[in-house]
Amino acid sequence: SGTDDTELTVAAAASLTEPFQLLEAAFEEQNEGVNVRFSFGSSTTLAEQATQGAPGDVLATADEESMQVAETGKALAADPVRFATNRLVLVVPADNPAGITGIDDLAGSDWVRCDDKIPCGRLAVTLLADNQTAASPSSKEIDVKAVLAKVASGEADAGFVYATDAIVARDEVEVIEIPGSETELNPYFIARLEQDDSVGLADKWVAFVSSPAGQQILADAGFGRP
Amino acid sequence: MTDPLGRPPARLLVPAVLGTLLLLVPLVALVLSTPWSLLGEQLASRELRQALWLSVLTATVAMLACLVLGLPLAWVLARLEFPGRGLLRTLVTIPLVLPPVVAGVALMAAFGRTGLIGKPLWELTGFALPYTTAGVVVAHTFVSLPFVVLAIEGALRSARKEYDAAAATLGASRWLTFRTVTVPLAMPGILAGMMLGWARSIGEFGATITFAGNYEGTTQTMPSLIYVSMNSDPEAARSLSLVLLVFSVVVLVALRDRWLATP
Amino acid sequence: MSDLQVSLEVPGRVHAAFAAERGDVIAVIGPNGAGKSSMVKAIAGLVPATGSVLLDGTDLVTRPTRERGLGVVFQDQLLFPHLDARRNVAFGPRARGLAKAAALARADAWLERLGVADLAERRPGQLSGGQAQRVAIARALATEPDLLLLDEPMSGLDVGVATALRIELAAHLAEFGGISVLVTHDAIDALTVANRVLVLDRGAVVQDGTPDEVSQRPATDHVARLVGLNVVHRERSLLAFPPSAVTLSLGEPEGSARLRWHGEVGRVTTHGGAVRVVVRTAGTGPELIADVTPAAATELGLVPGRAVWASTKETSVRAYDEPRR
Amino acid sequence: MTDPLGRPPARLLVPAVLGTLLLLVPLVALVLSTPWSLLGEQLASRELRQALWLSVLTATVAMLACLVLGLPLAWVLARLEFPGRGLLRTLVTIPLVLPPVVAGVALMAAFGRTGLIGKPLWELTGFALPYTTAGVVVAHTFVSLPFVVLAIEGALRSARKEYDAAAATLGASRWLTFRTVTVPLAMPGILAGMMLGWARSIGEFGATITFAGNYEGTTQTMPSLIYVSMNSDPEAARSLSLVLLVFSVVVLVALRDRWLATP
Amino acid sequence: MSDLQVSLEVPGRVHAAFAAERGDVIAVIGPNGAGKSSMVKAIAGLVPATGSVLLDGTDLVTRPTRERGLGVVFQDQLLFPHLDARRNVAFGPRARGLAKAAALARADAWLERLGVADLAERRPGQLSGGQAQRVAIARALATEPDLLLLDEPMSGLDVGVATALRIELAAHLAEFGGISVLVTHDAIDALTVANRVLVLDRGAVVQDGTPDEVSQRPATDHVARLVGLNVVHRERSLLAFPPSAVTLSLGEPEGSARLRWHGEVGRVTTHGGAVRVVVRTAGTGPELIADVTPAAATELGLVPGRAVWASTKETSVRAYDEPRR
């Protein structure tokens, strides 16, 4: 974190990498002389680190639990704001070798999802249940990037990833919408941190993320409205 | 009698103690900060038992694979002179510098269903390594092999080549010499190399998860289990780590006592 | 054509050629660094060398070491440190295909012959220098090689063992029908065990003959010393004479002693009942050894540095042509 | 002249070739599947240059730390006899079996602001290791030290102890003997150990990101950058991996040629 | 009290005590495995031993090796393989605090004295056996130690060098005022370089005296062989007699020859102008050496296995008490 008003440090969930880097450019344009630094990582780790005094002015997590960890750990200087959502989609490799057209085709193919212990896995399980699909995966990946990598490389016939991930890999995968996914949302939260010493920049960033300009960038990256 | 070579100098003892502390303190801190209360419950879980067994199984098979492939490779590097030896040695070192996840990506590009070797294999036999226990072994082997080869090569180079020559004058073939002279003389280094390989495989995570995935019973090793637990229940993850730690130590101690009993 | 024809060069170290028949025991003598070990190692294929080693018409140089049918005793033994004495000796027979039990039995027999049967279970690190040397000899002999290369096998052996071994070796070598090359610094080895002597100096063969020829007509100072003679050059010939034939005097000798040198006394030691005096002659002259009686030594005041004349009678001298190199 | 020890046996050459292929094929596959077009752009980015520099800096400092702490520790293990030596050796092996993320957790428990050592340090000096470049070095050192110690110990054990005794008879202190006899004789093994350590640090990721975070310029090493890129642009991540690979190879080749020129 | 008092035991290998004065050169002789090297290593502190080594009243045993003020030539040399000859020799002076240039200069001087100055830049791996041996001797001498331990320093040296070295060593040892322990298998070393001889057998000191005493009244077969005598026991005494005093005959000898043994001919070799015959006497009797004329040998048909009588006259025999062990 900056000791003056020219540097802003943002700890953010890895899935926010692309939109936040775009936001950074816009933000630095608006606030001359300001430099935004990031620390991307898993939400859980970032939240834990925040409670232990990791440098940072703003924390953005890809779930509610992590933000609660930060809150309980007295790391937050302000109430968290829900600023985006993400939803699951089904992706298949560009050439769709298994000919999957919907969630019902999964049975008998090599498909993957996240592990039950993490949000993207829990969402997938819920959606599968909602759609009364009993297919079992070939692997329960430890994060959504691993799911995407497997599908993008053709190692898996299909996989559950967030809409934003599908956009990142748009050349390599084909997206199949899942019925009911718009109700099973994964929320994103952002909050100013206790150790913020950026003299107002942190609040500016939080505000900027929720501003129309910020929301547009997030939407372009595939995020849903908060 | 005091040591006839003289007292060990402080200049060596002090850094040795510091090095020991650097390794010791984090372990102690980890143990102290672990909720022991959870341990009983953890130990009873089928998930843990499966993952632990799979870790031990795959690390051990990978260690044997590293021995079978790595010992000859180390021998070639240490004993033969041929153009391109330097190149080969560098090649062996490269996988070390790959972050494990990238190693997983590389393995996928090679042996995955759509990979360089994997694709024809898949098309011919319908078999693919990802999602299989064999895939975990391949990932472990790929990541650990460099350690094993370099450690063993060092040991082979230190053992005097002249004994190989002596064996040749007695009519021994190179293979017999290798088995009965070269290997026994380099044994401490070979065992150390195997131990390095085993330990590295036990802790390996990035390449395994990327290449072989994470499914209970077939590809979920302890590190994967710990990683996913960390996201849902950090305390549980710590006690799982402790289980892995204690278990590995027991195995290592047992092996060391058997193998490396210093004369 | 001879059974064995060697012509080898290890660049900068040795360049030697010789021939031998089956049954020959060739002693190789020469000063330190003459190239004896290099030659042996080259024959074994253990240092890079050019040339040929024809054994019964086939060139061993193109063959790997293990197919050369060798037995080698290395100057530094090279016993396998992880095997006990028995297994060290059994290694060769095993490698050449003998069954384990038979190989161990043969090893025991050889250890027995070399008087170290009771040490069969010791590892090299637990043997004394001489004991290890004996195990190394047993190991080389146990393969019953066609070509036996022994590099100073007697060094480090005690006198009793060395004598016994010389006999044992001579008997064994005579009977085994192979060819033996025996590097040694000991005249007794060269003169009693061998039937041929090869003298190396600075990497070249300077003499090659029977023990008698070599000991009676030594071609180099080194050999002369080895057999206890003085050797001097005169024109194209060499003259050899024993230390006892050298007379020392303070003034220039007159009369029949045509061979005389001026010099000063070097070292003085006792040698049997006599006093052995080394005389360093002036300029580039030879270093001579003279044996004189203690009485004469006292009378002449032979202390180091003293100027003396050394002379010998033509009748005590054996003259012969310098061997072509 | 053909090799006097005989032709290398197929029983060794075949597994050696297989081992080489196991290491080579994934690398080739990785290179083939990388979009080279991105490379130019990547190389120009400040982010990459920062991360690469930081990786090299921290891996090199960690390697030196491993040498300073690890060489004496290896010497103690190889040359001194004392009760508890077996225990110490096991202790050295333990960090190997920890998944790197757990290693990061352990480091935090020890040196974090609320950690065993970190807390008093923080209260006294206001300095804390996590999230600093020094923290990256500590994480690298912790993860790499066991490799370095075990590799060097193997080399020291293979070198004959008798030379140490010979030096003692000549009046050399243990320290002088260490410097002028023990170390030079074990040099190939020591260099191999350092190389192992460097390479391991370059690829390390889990412990670093957990203990030191992922801040551009101060703690973001190449593996962390690659991790981040995987979230924003998987293709870019591959070409970053390639950059890391090629760069490390160049460094390793340069070092090897200097150090390990086989006579 | 003597300047040096040694009383050491290496369990199962050697148990020896002796004393010496400054200036003494003590030759240690004995068969292979007698414990010579073990004793030397124990003095140097290189094998675990109990007992004491008092040098000028201080016990070296409690001191680490490097503070014992030693110079050691190991039986297996142990030259540092990574250092050239010069640096090997300079190592000791450097370790004892000499500046680098001075140490190198001293090394050069020692290499020069040992005749290997031209090899100063070679590493041990590039030296011949004898050359390496000389470097090892130079290395041990260069530290100018109080106590010099030489384990078979002459082995592997050619005869010229060995002779020169004996003189060099004797001169050096006489002048340096320390104490030297010289393990050897060579009678010449023991008899010319040393002023004391210590005879070891099976780990124990069996004789300790001047070279003359030991050579004239050898206490063991081994020493007798070393100095070329026969030794037999009679009651509490030992009888020594030269091979030339032994007469061989086919029938039992009559008359004055009171000492007679029945046996069979073992090895037969030539020895100078004579024929040397080993006679293995029956039962537990001694093995005897007899020198006979070639004519007699032919006449008696002395081939191995032949039954003969050996006898000697009481007048040719020196009788003395068995030294107490």
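Every chain is named by a letter (A, B, C, D and E) in the order it is written, and numbering of its residues begins at 1.
Going forward, a contact is a pair of C-beta atoms (placed from the backbone, for glycine too) under 8 Å apart; a residue touches a chain by one contact, two chains touch by 3 or more.
For each chain, UniProt lists the protein as follows: B, D = Molybdenum transport system permease; C, E = Molybdopterin-binding protein.
In this text, all values refer to a predicted model and were calculated from it rather than measured experimentally.
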Which chains are shared contacts of chain C (Molybdopterin-binding protein) and chain D?
B, E
Quick one: name the chains whose C-beta contact count is the highest of any pair.
B-D
Separation of the C-alpha centres, chain A versus chain B, in whole Å, is 34
Chain-centre distance (mean CA atoms) for chain A and chain D, in whole Å, is 33
What is the distance, in whole Å, between the centres of chain A and chain E (Molybdopterin-binding protein), each centre taken as the mean of its C-alpha atoms?
86
Using mean CA coordinates as chain centres, what's the chain A-chain C (Molybdopterin-binding protein) distance in Å?
86
Touching at least two other chains at once: which residues of chain A meet that condition?
45, 149
Multi-partner residues of chain E (Molybdopterin-binding protein) (each touching 2 or more other chains):
44-46, 64-67, 76
Where in chain B do residues touch two or more of the other chains?
3-7, 105, 109, 165, 168, 173, 227, 230
Contacting chain pairs - touch in the sense defined above:
A-B, A-D, B-C, B-D, B-E, C-D, C-E, D-E
Listed in rising order, the residues of chain E (Molybdopterin-binding protein) that touch chain B in the complex are 44-46, 48, 61-62, 64-67
Residue positions on chain D within touch of chain B in the complex are 3-9, 11-16, 18-20, 22-30, 32-33, 68-73, 75-76, 79-80, 85-86, 88-103, 105-107, 109-111, 115-117, 138, 141-142, 145-147, 149-151, 153-155, 157-159, 164-165, 168, 173-175, 177-178, 186, 188-189, 192-193, 195-196, 199-200, 202-206, 222-223, 226-227, 230, 237-238, 241, 244-245, 248-249, 252-253, 256-257, 260, 262
Quick one: which bits of chain E (Molybdopterin-binding protein) touch chain C (Molybdopterin-binding protein) in the complex? Just the residue numbers, please.
30-34, 36-38, 75-76, 127-131, 133-134, 151-152, 155-163, 167, 185, 187, 192, 221-222, 225-226, 267, 269-270
Which positions of chain B touch chain E (Molybdopterin-binding protein) when the two form their complex?
1-7
Quick check on the complex: what are the chain B residues that touch chain A?
105, 108-109, 112-114, 128, 130-131, 209-210, 212-216, 219-220, 224, 227-234
